[in-house]
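Following: one structure in structure tokens, then a few remarks.
Going by the order they are written in, the chains are A, B, C and D; count residues from 1 in each one.
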Amino acid sequence: MATVKDFRNNVKPNWCPGCGDFSVQAAIQRACASVGLEPEEVAVISGIGCSGRISGYINAYGYHGVHGRSLPIAQGVKMANRELTVIAAGGDGDGFAIGMGHTVHAIRRNMDITYIVMDNQIYGLTKGQTSPRSSVGFKTKSTPDGSVETALSPLEVAISSGATFVAQSFSSNINQMTAIIEAAIRHKGFSFVNIFSPCVTFNKINTYEWFKEHIVDVSEFGDYDNTSRIQAMTKIMETEGMLTGIIYVNDSKPSYESLVPGFKEEALAKQSLEISAEDFNKLVADFR
Amino acid sequence: MISQLSWKIGGQQGEGVESTDRIFSTALNRLGYYLYGYRHFSSRIKGGHTNNKIRISTKPIRAISDDLDILVAFDQETIDLNYRELRKGGVIVADAKFSPTVPEPSELRLFSVPFTQIADELGTSLYKNMVASGASWALLGLPIDVFNKAVEEEYGRKGQAVVQKNIEAVRLGAEFVISLAGGPLPDFQLEPSDGKAKLFMIGNDAIALGALAGGCRFMPAYPITPASEIMEYLIKKLPKYGGTVIQTEDEIAAINMAIGANYAGVRAMTASAGPGLSLMVEAIGLAGMTETPVVIVDTQRGGPSTGLPTKQEQSDIFALIYGTHGEIPKIVLAPSTIEECFYDAIEAFNLSEQYQCPVILVTDLQLSLGKQTAEELDFKRTKINRGKLQTGELPTLEENSLFKRYGFSEDGVSQRVIPGEKGGIHHVTGVEHDEVGRPSENALNRQKMMDKRLGKLNHVKVTNPIVVDALHKAPDLLIVDMNSLGGTVDEARGRLDIDGITSNHITVRLLHPFPTAEIAPYIAAAKKVVVVENNATGQLANLLKLNVGHSDKIANVLKYDGNPFLPHEIHSKCKELHKQPVKELV
Amino acid sequence: MATVKDFRNNVKPNWCPGCGDFSVQAAIQRACASVGLEPEEVAVISGIGCSGRISGYINAYGYHGVHGRSLPIAQGVKMANRELTVIAAGGDGDGFAIGMGHTVHAIRRNMDITYIVMDNQIYGLTKGQTSPRSSVGFKTKSTPDGSVETALSPLEVAISSGATFVAQSFSSNINQMTAIIEAAIRHKGFSFVNIFSPCVTFNKINTYEWFKEHIVDVSEFGDYDNTSRIQAMTKIMETEGMLTGIIYVNDSKPSYESLVPGFKEEALAKQSLEISAEDFNKLVADFR
Amino acid sequence: MISQLSWKIGGQQGEGVESTDRIFSTALNRLGYYLYGYRHFSSRIKGGHTNNKIRISTKPIRAISDDLDILVAFDQETIDLNYRELRKGGVIVADAKFSPTVPEPSELRLFSVPFTQIADELGTSLYKNMVASGASWALLGLPIDVFNKAVEEEYGRKGQAVVQKNIEAVRLGAEFVISLAGGPLPDFQLEPSDGKAKLFMIGNDAIALGALAGGCRFMPAYPITPASEIMEYLIKKLPKYGGTVIQTEDEIAAINMAIGANYAGVRAMTASAGPGLSLMVEAIGLAGMTETPVVIVDTQRGGPSTGLPTKQEQSDIFALIYGTHGEIPKIVLAPSTIEECFYDAIEAFNLSEQYQCPVILVTDLQLSLGKQTAEELDFKRTKINRGKLQTGELPTLEENSLFKRYGFSEDGVSQRVIPGEKGGIHHVTGVEHDEVGRPSENALNRQKMMDKRLGKLNHVKVTNPIVVDALHKAPDLLIVDMNSLGGTVDEARGRLDIDGITSNHITVRLLHPFPTAEIAPYIAAAKKVVVVENNATGQLANLLKLNVGHSDKIANVLKYDGNPFLPHEIHSKCKELHKQPVKELV
């Protein structure tokens, strides 16, 4: 069985020292190992951004696509081969700005994919502009007088889009991240995992310390029932999204692939491309 | 007895024009006639004039005719808009209800038949279509049983009672018109056909069927006119083969999903028209850069922007070839007949896996939506070739090493492996990368990778990149076209022949990489080259000028008002161009 | 002062007889008149779809753009001339499929725009394919065996995107529609108005009768407080979105335009394009 | 005394290479030297080798040099990667900390200065940049006060103490190196400059400033390398003029917002690079169809797909011109100097309103990001022309009638009015439409509207569509290029002159509509045409072939490894091509 080491390759990440994404990478590697996966059974599909580079740093199949489109590609991969564990990953700009529409629809479609957002409240790769996750008043290169737009609440949007698994974690807490990603991979349906992953170079506000001060874990609410949509939504609103843990799970809804008429358990990629002469004649007969 | 005849039915959209046409032509098809249909419709759901025209022939035909023999009219607007098209002695069969008249004195025969009244008497005015078609069918004097069979198929699922009422409507319509005309019209009697039922379909059907036979098992797509039929066909058929169609949130999702699926080893395609293609440009670049196979169908329609969504045009050519930032390998195939739609769909998938690049299959609205007779489709020609895809067991990779997915090779095509394979792990990125797919900014690697990717196009082999009809060594004219225009051009050439103007004919099927070597000798041999196209800027002519040169003798016949060419238009323009001295051509 | 007649033009809509969009058109015309607007003060920006044709049927400035982009265009218009009343309009496919990302971000940005969705749970113009609003099991040309995707909840998504005005109405109820659109126009910020507008040609499930049976009006909840986000969200979830009325309002949040630094009250379109020589010299001096 | 010199500083990204370069070149600029900078950097934030090179001259220059005089190195990698570029007798100033060595025996002078140690002694290693730059400055023997002034400006906002420490670092670095070298190096002494402080900026600054001066008041945009500086400049300046920048959710939103704003009467633009442009294609078609002015900047970078985002390339040419489905009028302007970036930005806005169509302003990475000396910008040339925009009061419209926003006219341009005007109500749609903007499928109207829209391009008048340097009547070579390449080509031409090969030079500034008439005589006159471009398929050459013909004598010098051309590369390739017989050229 593969160990965490098998999910490492010898590529040195080009992230800045201290970047939150390092731990996210480690957590994914650990989670894959603990789920008992082999590297070739995993496909990591990522977007463009500092975070998007992650698909190149995990020893698994990796596809680094275009900005904002990791989810459509990931869904194509899953449909082609449902036996693969498909992990989509990218930044907050990638998933919540240019990719917002796909995020909502991928959640709604509910294929068995794990989507990890490295949420640093800023655009790292393009050197520090605002992101949909930046708070009001946040000064960046593109908002020198401070942002005036309400920050997007990924957790609220995920739940309202019909998510069946919604979690949030923090890059400093590698154990929680690992456990959440593991649960996300095991969840049969779309798993949305938002991870606060500080950008140490451009975001001087939402730092490791800042998060430590502001986040609260769901385990701290004694009677929290993460199978209740209404309760999850209420809690997110009350805490303004600053909570961590598995916030909502619906295990009863079947995944997209299992609902598609005629869709076999065996990977489509392994099925024959040919049709029989008999079938062909039948198909042609429709047009006589 | 005549060998061909043109029939048109017109009315308001939603009034049953289409179903009437369907029954009429199904019956003719069963009788063994060759058919070629044209739909005139607007971008709205109900209301607005629509008409369907069918050309019926005892021999294969691939063009609508200049004129019309029979017009079936549900309203006066239909007569007003279409009577000029009728030939001398042509016939109008119209609903007596609106007291039809022919606007000008003319040599037309008008049969006023109480479509609505007869239908009402049968229970509902919905039957008026059948009254009308029964009447026009009777004038042709063709056997009624085939017709009734077609009626039965159309309405069968509504129950036997409905079928019977419709058949009754057909009979009453026929009787009424015969009582006026005194019998089938002698000058409208078609020669007997070969009697063999043929395939009768639209180009989109042929593409969808070809895709299925070519191994396509997944189609993410977003609806748009005139492409939607492809997804609508495949969603019905794919489940049986384990595959499916996903209607995505937009075209960007569609193309990226198709790329993802191809990357993961499934033949997947998407289809759209101009607006959708414009949105796919970035992802097509990704497929080119990552050498991921993918097939995209563009059913051209009237542009630009939303333009004329239900009209004929061929104005996406340059956009399809060049519309990607940066430079990628890409193949653009343009089938020119309904049969080619089928075979090219298969070939598109083969090419996309052989050369590991996006393949665009481009049609025009008339080819995609015009219903026509197709030759038998040859199952034996549906061969699948997956190129350098590695399917057997792979050697184990050394520690910390990756599969050379982008290994350099003579033809630029690398071994490909799909996720899931042990020993095949590699990285894929739209960033410039090395042989195992890791990002690289190394200048030497960059240049080699560009040469590798673009160089693949030098090896592309396509069955019949051009269709050639070149009897003449040094013809007065070489006429060049693409997609649906060939048939119309051939009719025009027949008339040029009579005028004593010799012409060769080339239909370009491979738009990119351009078949320069194949086409150049014919260009060189011709006194003048006339490129016939449905656009305003002469895009196909520009491709010739760019790739073959000879700009000085290339002229254009253009039409961009949304309607397909008629044979006489091409004929008269070619005659004019023939008269002009070469230097005045351009 | 302009009356409802002034907002009519002589263009005959090309909608099918009985289409829900006719009443939406009438309600917009009435609302504009009752707010006291003149035709030239109104710009209707629409997407592509049967519904998208609406901009051509109201006597006002109208822009019929491309599919899914009515909101970006509308926002551009508003930024250029904040004195205009800007109404964006389109179908459920336009706004919730291809335009989903823009919808979330336009809501978040909160410019003073009224956005009306003619929600018929189907694609009308392209002749009857599924829409993100189609219910599970709904059979269409693109889902002949019934849709397997969860229908999107526009109200939930609007609220979770930070909407300051969220309402829903039904095309049969022209008085309510008019009142809601009037309130939406008066609201200083982004107003999201979803209207059930039956497609009589392609949607044989979600008919006028069906809606009449299924919807409940917020006025029927005795103690409903439409200024509470949590309450609004809870109610939407409880009724599975089948409620009408003004569901949520936040009057305290200033609109985007009024928060932009340096943004004048007077329309930008009316300000001078020229800069002074003195200013120019100062600007150039930065580069010495 | 020398008239020019090249200086380079290299180290890890994030190590202060850029700020050091900034201070160094600001000081030189103040002294009145002409500068031309080049940044070598990667698509990552910290780490990875980066270097900035500046060419310093007493005369205007527009190219980087083949070789290098001084290299300042923060690490051994910098030396390893760059020492080959140093000319014989060149100097390396390196941090003693890493015990710098020159890999091969060579005629270089190495000064090992304890950058880090001196900095550490001053309190923090952050000062090492100033030690380094002080040392290299001292070798040039230039006055130190200007340099200290630049240091003060860079660090002023951090307080006087920091400034003083930095100035101290400069002094210590200078002293140390002088103690090694025995004084400023005699062979590195620059001739005095004209002493006038010049403008020193990047192309993106010039474009942003031009846009502001040209009346642009709104910019919706999405960040991307190498375009982001344009929005970052404008967001700082626009609020003063009532305008603003919106960072949108994506490029599709950006372009559509810009279209909306222009429609509503405000000059608005957006800017992006390849991937963003690809996403804008559909909306550009909308602007073309609705005749809405809009300005789009494309700062070309290495493609395809994400490609080489921080590298030089000119590979979007065809995509910009032809990348729209259907056919629209569009203007593509390519400034070739930093001053043109400024003036063309203004002209772009004027053209977009005069011809009511999208205008694309295209640069390349080197022009957009290379910092260089600019001539004084002439305020008097910043004229605004809004074309046929109606601003006065309009006649009242008759009941049920609309303003003829798309009225036919001789030049195809119609009266335009903005929303809010009484008497101006009309409809706008991307669907084919009539004169008041109502959708229309009428064939005649369609054709007239296509002719009207596309015909506008026949009237386009642009200041200097080509820049011509044509001393020779029948030169051996005509060299054609665009964007940033002109300066390098001119240096190569100087050397060709010496070889006795005569050459003319044309830089194409208007890519579309192509200035065929202007350029054709020069093509005809030249024995051979060499098109120099940074791409793999010869796109500019293809434009020439397509529009002007003469394919048989057009050759290409291409470079597509991500780096800009060096003069010697163009020189040697041109020499080779000159030798080849014409028929072997292609």
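By our rule, a residue touches a chain if its C-beta (ideal position, glycine included) is under 8 Å from a C-beta of that chain, and two chains touch if they have at least 3 such contacts.
Everything numeric here is computed off the predicted structure, so don't read it as measured data.
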{"item": "Pair with more cross-chain C-beta pairs in contact, given C-D and A-D", "value": "C-D"}
{"item": "Taking each chain's C-alpha mean as its centre, the one farthest from chain A", "value": "B"}
{"item": "Centroid distance [mean C-alpha coordinates] between chain C and chain A, Å", "value": "30"}
{"item": "Centroid spacing, where centroids are CA-atom means, of chain B and chain D in whole angstrom", "value": "44"}
{"item": "Rounded Å distance, chain C centre to chain D centre (Cα mean)", "value": "41"}
{"item": "Whole-Å gap between the CA centroids of chain A and chain D", "value": "37"}
{"item": "Chain D: positions in contact with at least two other chains", "value": "42-43, 239, 249-250, 275, 282, 285-286, 290, 305-306, 429-431, 439"}
{"item": "Per-residue overlap in chain C, given as positions that touch at least 2 other chains", "value": "48, 66, 97-98, 100-102, 104-105, 109, 132, 145, 260-261"}
{"item": "Residues of chain A touching chain D in the complex", "value": "14-17, 48, 50, 64, 66-68, 97-98, 100, 123-127, 129-130, 132, 141-145, 201"}
{"item": "Interface residues, chain B side, partner chain A - complex", "value": "29-30, 197-201, 205, 209, 212-215, 217-218, 220, 237-244, 246, 248-250, 252-254, 256-268, 282-283, 285-286, 290, 374, 377, 379, 382, 384, 386, 400, 402, 418-431, 437-439"}
{"item": "Chain D-touching residues of chain C, taken from the complex the two chains share", "value": "9-11, 38-41, 43, 45, 48, 53, 55-56, 59-66, 69, 71-81, 83-84, 101-102, 104-105, 109, 260-264, 266-271, 273-275, 277, 280-281, 283-284, 287-288"}
{"item": "Contact set on chain D toward chain B in their complex", "value": "42-43, 273-275, 277-279, 281-282, 285-286, 288-290, 302-311, 313, 315-316, 318-319, 321-328, 429-432, 439, 441, 443-444, 446-447, 450-451, 454, 535-537, 542, 545-546, 549, 551-552, 560-563"}
{"item": "Touch list for chain C against partner chain A, complex", "value": "97-102, 104-105, 108-110, 132, 145, 148-150, 152-153, 156-157, 159-162, 229-230, 233-234, 237-238, 253, 256, 259-261"}
